[in-house]
Structure formats: C-alpha cells, structure tokens
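Below is one structure, written out as structure tokens; comments come after it.
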Amino acid sequence: MYAIEVREHVMIAHSFRGDLFGPAQALHGATFVVDVAFYRPSLTEDGVVVDIGRAGDALKRILVPINYRNLDDLPQFSGINTTTEFLCGHIHREISAAARAGDLGPGGEGIERIRVMLHESHIARAWFEGPVAP
Amino acid sequence: MYAIEVREHVMIAHSFRGDLFGPAQALHGATFVVDVAFYRPSLTEDGVVVDIGRAGDALKRILVPINYRNLDDLPQFSGINTTTEFLCGHIHREISAAARAGDLGPGGEGIERIRVMLHESHIARAWFEGPVAP
Amino acid sequence: MYAIEVREHVMIAHSFRGDLFGPAQALHGATFVVDVAFYRPSLTEDGVVVDIGRAGDALKRILVPINYRNLDDLPQFSGINTTTEFLCGHIHREISAAARAGDLGPGGEGIERIRVMLHESHIARAWFEGPVAP
Amino acid sequence: MYAIEVREHVMIAHSFRGDLFGPAQALHGATFVVDVAFYRPSLTEDGVVVDIGRAGDALKRILVPINYRNLDDLPQFSGINTTTEFLCGHIHREISAAARAGDLGPGGEGIERIRVMLHESHIARAWFEGPVAP
Amino acid sequence: MYAIEVREHVMIAHSFRGDLFGPAQALHGATFVVDVAFYRPSLTEDGVVVDIGRAGDALKRILVPINYRNLDDLPQFSGINTTTEFLCGHIHREISAAARAGDLGPGGEGIERIRVMLHESHIARAWFEGPVAP
Amino acid sequence: MYAIEVREHVMIAHSFRGDLFGPAQALHGATFVVDVAFYRPSLTEDGVVVDIGRAGDALKRILVPINYRNLDDLPQFSGINTTTEFLCGHIHREISAAARAGDLGPGGEGIERIRVMLHESHIARAWFEGPVAP
C-alpha cells in the first residue's frame, strides 16, 4: 500500500465538560499540527498517489472554518467535547467527503483509506484512520 | 480506528551477549524515548480514547523499575538481552496488564490494541504492536 | 559558555487587538512548547550548570498560572497583546526572578543569561534572551 | 508484531513530466530522508528483529546508485516519473530482495513486511508498505 | 534580545566544482528547509518583533526564483558553488534588503540582525547570521 | 558569521556522585545525539565553512573512545561526573584540538568558534560554545 502525507496546522480555543478533564474544563487552546495521509494500493499513470499540492489545498480549505476560532462558539460542535481525537474524526469525515467529491484531483478516485493525525504538543498526539467510503 | 499516544523516556545501562552485537557487548547505555499508542474503535461519552493524563501516569509507573537502572542487574531480565525491541514487548505486556486492570480510567475497558515504540537515537527506533488481551 | 535547556508546554487561549493580526484578532489558542536555556560560564563542583530537575520544576511552577487559561481573563495581562514574543519576555522575567531567589538550587547563583523560546507551530517560534539581572 | 527502523538519506536531482506537476516539471532536486522498517512476528534467539547495523548497511548499499545523481540520467528510471512514492516502491523492491538474499543477517529470514518512508520536506512524506515476498 | 523565526522550504538541483566535494560534483539536489530569524531589541506597540505573516510572505517571495530550479542554470550564480552555507548568505542578503525596503511591515524598521538557517538533511545544516545593514 | 553543523550519536553508561543527582547516582545510561557547529567569518574559495564530510569524520573519531562504553571505567574521567554539560566541554576540547591540527581539511584553519550540543532526551539538552584556540 502506498501513502502520501501532508501537514498543516490550526490554532484554536475550546473548553471541555466533564470531571475527567480537570483543568482543561476551563477555556484554553491548542496548536494542532495536522498530518493527513492518503492510502492508495497503486500509483496513477503520473506515478503519484494523488497530487500533493491539491491534497494540501483541500486540507487547507477544510481547516478554514475552525482555524483561529473558539470551537465552543461553532454551532456544528454544539454540545460536543472537541477533543483531539474527536477533531481527528471530524477532519477525516471532511477530507473523505472532499476525496469522494473529486477535490483531490487525479488519483483521488482510488484513495481507499485516510489517516488524520493531530499533534497537540511534543508529548501527545491522536489519530483516526478509516476508509474514505462513508 | 482512533488512537492517542503519549510520550515518556528512560535512561538505562545494559550490555548484550552475542557476537551479533559487536561493540554493544560492552556495558553501555541508552535514552529510550517511549511512545505508547492506545487504539480504540470508538470514543467514550466524554469524547476520548482514554484520559491522556491517566495514560501518561500509568506509563510513568511502569517505567519506574527500569529508569536510571543497569538492566543487567534486574532479576526479571536475568539471561535476557534487553534489546530495544525486547523492551518494546516488555513495556507492552506491562501497559496491557494495566489497561486490563482498569488503571487507564474511563475508556480503558475498550482499548483493543497498544503500540509501544522506543526511539534509541535520531536514526533508529523499534516498536511492538499487539492486542491488549493476554 | 555552558548551557542546559529544559522543555515544558502550555495550552492557552487568547485574542489580539490590532489590524496587524488579521484573523488572530478572534479568540483562538495555542500550544506553546517552552524551551528555557540557562547559561553559565563554568560548571559547579558537581559538574553541572544547574540541576536539570530543579530547573524543570521551577519552570513548571512559573507556567501554572497561565496553563489551561484564557490569557484575556488574567489581570496581569490586561490591555496587553499576549503574543508569542511577549510571553517569551514574560516567562524570562519570571524564571530570572526564580534564579535570583535561589529556586534553581546549586549553580543557580552563577547563571548569567537565560533564553526562553516558545514554539507555536511546526513553522514558527520566538525567543527572548537576556541577563538574569533585572 | 515487532519492528525496527533505520534511517539514511539521499540527495538527488530529477524532473517530472505531466501538467499535474506544475513547476516541478523543471529540473529540481530533493533530500530524501529514508526510513526503512522491518516487521517480524517474533524476536530471534539474540532478542532482535534483525541486526540494526546490518540492516543499515544493506540500506546504504541500495542507496549508492541513486545518491548524488540526476535520476533523469539513470537508464533504470527511463520514462518514469521518479516521484517520492515511486521511489518508496523502488527502494522497497531492492531492500526486499536483499532480505530474501540473506543480506540482513540473522533474523532476516523471518522478516514478513517492510515499510519504506521518504520524507521530502518538513511538511510532506510518502511511504510504501508491503510483503518481502515478491 | 527578542527574535521570531519562520520556516519555508525549497527543492533545488545543483552541482559543485572542486575535488573537495567528491560525489557531490555530479548534478544532484536538495530539499532545504529554511528558517529565518529576525532579531529586534524591543517589541513594537502591537507587541511583536514583526508580523509573522508578512515575514513569511517576504521569505516566500525571495525563494521563488530558486525553488524548483537547477541553480547551475541561473545567471546570478554563474561560476559559484551554491553550497548550503553560500545559500544562507544569499538569502540573508535578499531578506535583509527586503527588511530595509519595508517589506516586513510594522516592526521591520527595528530589525537589527537576521539569521538564515538551511537544513539539508537530518544530520547537517548551515546558517549565516549578520546585521540587516548592508 | 557562517556556521555548519553535523550530527552523530553515542550510547554510554555512567553514574554520578552527589546528592544533587538523586536516582541518577545509580549506574544508568544515555543516548547523546551530538551536534557540532563550526563558526567561520567567511567562506573558503570552494564556498564552504569546512568540508562537511571531513568534519563528520573528525567527530566520529573523537567519539570512538567513549561510544558503547561505561564512562565510569575510563581513566580519563576518573573522579569526574560525566554530566551532559561536562561531556559538551570534553568533546569541544577534542574537536578544537582536531581543528588546530588540520584534521578538518581546507577551511579548518579559519574556524573561530565551535559549539558542541548534546541532546540527552526529547526534553533536555546541553551545550558548550567557545573559541577553537586553547
């Protein structure tokens, strides 16, 4: 299985509900360095998994609605703890939809799986890996 | 599949037996930066794989008996080459037992797999990935 | 000149005032990975710049009041843009005061300069370096 | 499953054919930091996946024909876009053949899978993972 | 002294003349991850060294003429070994001129020194640090 | 000022004497990733600070006597705490002597300063920077 991976980042504020989170129940924030890997069993005629430029552009578009925002204020996340692992799943759903819609350009049609990894600090990260199909 | 990963480190001395190891047959040492990833198919009600603080604390406790030690002196490793890959397996057994014992807190009961990765230098690392079940 | 450097991190929310900041005028957040370097012209009798454990503990204490907080709510930062570079200077003042107060343990009395570096993402960081003396 | 991974690098020139590649159609170059991971279900009697020194040496030998070269000039790549992902597959074929030929030393006979990862910058990387068997 | 640093990268081909360079006399290439640090003794009224966005944009503009190019073909480098350290000096001259021309926006007028660092692999990097004044 | 930096590593055992060191008074070990930077005010006729290959080779030679060793057993370190910062100074003295002896090849004669940095973990490092002249 082949894969390519591109990197972006977002800087967000949020808070968590639940005793589990201790001091992170207060409004705080995070830089999430976002790695998205696209898996394809073979290469295209051009010799790529997918164009790395288009993949990066698609990722940037998906991150716009959350970048420089307080996630607590976004209706789409109402009543949800926007944990690192939840956001991995959220971005996975968005980038998978983009892949299915053809936004990744040539090669995008053969992407089978996607992994979204968020680094929240030098000692902690999370990821979600799953099929592109809904 | 979701995953979260936490990082710690240990600083140990040890030696190896066997011609394969060349100069590493002498007593030497290593810093092992230890990454432990916990895999869970879905998130808890709180929206996490497992609490990252409790996971980190469990890892710290497991590393105490080997940190700042000469592994050649520890009875539990008698007659064993404590290679990087062996230690990955060892820590995997310990952290899996901790997961089964409930030491990871909420979410720990649904952890299916764990990966333990040890970085021994900027150019070499090893890992063991396997189920939590014994 | 000798130096040792220790690493911690904080996760904060804040917003900026001024057109210069564009979308960062909205409430957002950051993970700051914090590196603090202590410079000393010679080593102590023990052979250290300063005890790395005590240095790390002093840094942790200094970060407590800002970690997991919305910096816009803290009286000490009222009317201030808590930019990455401003926070470098702020932490420098705090850790320098700790050094002068003897909180770094043996060796701390000879620290001449301190550098505080904050990594805000994989592509941007800031630092302040200056004398320990006020 | 156990794994060990070793790191090397190459510095090459090449160009791509196809509109997909935009400015990368011109002759340019890359540093590829190369990580090769060897997967083995159990450890050898010595307690290793494979000797890390021999694995590294085998990788170095495989990289010699492409290091410090313009890949456009190499007959073996005639008519091929030597993309990052293509080169992952190429190196995978070479190191798998080395494993089958016994070049990895003790433990090499039990290697089941190999992953070859090429980092082309701080924001992009590619990999190929597959069985050692041809 | 305060500093902020931004990161970009270029992917170039080139060759070197001189026995010193051994196999690097052949046409090969490199990814250079480029870090540029701007030093200013105090912060602006906005609380910054210089706007990180404008600094990054200025750096991108300076890199355009060399990115995805064979440096051997560029008239400006005729008869010159475009070594990593030479390119550090070249980019330093260009970004210093941009600073003097006001391209960095508010704060740019007080930048005293600039450091340009090029990472050529995981084991080698070079830098040039000097005043902004010509 | 120009600089180039090369990276190597050593894996050693040692112990420390003094209450300051707590559990590190026991025999333990470390991987030290070693970065050595060479500073030169101008480039040679070839366009380099010093040949990066010769610099790396000189560093490797200097590290041989300590690599894969228990530093407590080496007569040269008798009665000395071989702390990270002490070892920075030790390697600085050795590589400076190599520079003065001409072991760095062309360019080595103009090296003014050298910085030796040892990374002992992902959260701690030390360095010594000083003139090449004894």
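Every chain is named by a letter (A, B, C, D, E and F) in the order it is written, and numbering of its residues begins at 1.
Note that in this section a residue touches a chain if its C-beta (ideal position, glycine included) is under 8 Å from a C-beta of that chain, and two chains touch if they have at least 3 such contacts.
Since the model is a prediction, treat every value here as computed from it, not as a measurement.
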Among B-F, D-E or C-E, the pair repeating the C-F interface (over half the contact pairs identical) is C-E
Residue numbers at the chain B-chain F contact, same meaning over half shared and different meaning under half, come out as same
Expressed in whole Å, how far the mean CA point of chain A lies from that of chain C is 30
Here the gap between chain C and chain D, centre to centre from mean Cα coordinates and rounded to Å, is 41
Chain-centre distance (mean CA atoms) for chain A and chain D, in whole Å, is 27
Residues in chain C with touches to at least two other chains are numbered 7, 122-123
Interface with chain E, chain F side, in the complex: residues 1-8, 43, 46-49, 51-53, 56, 105-106
Per the touch rule above, chain E residues touching chain D in the complex are 7, 9, 11-14, 23-24, 26-33, 67-70, 73, 120-123
Per the touch rule, the chain C residues reaching chain E in their complex are 16, 18, 20-22, 80-86, 88-89, 122-130
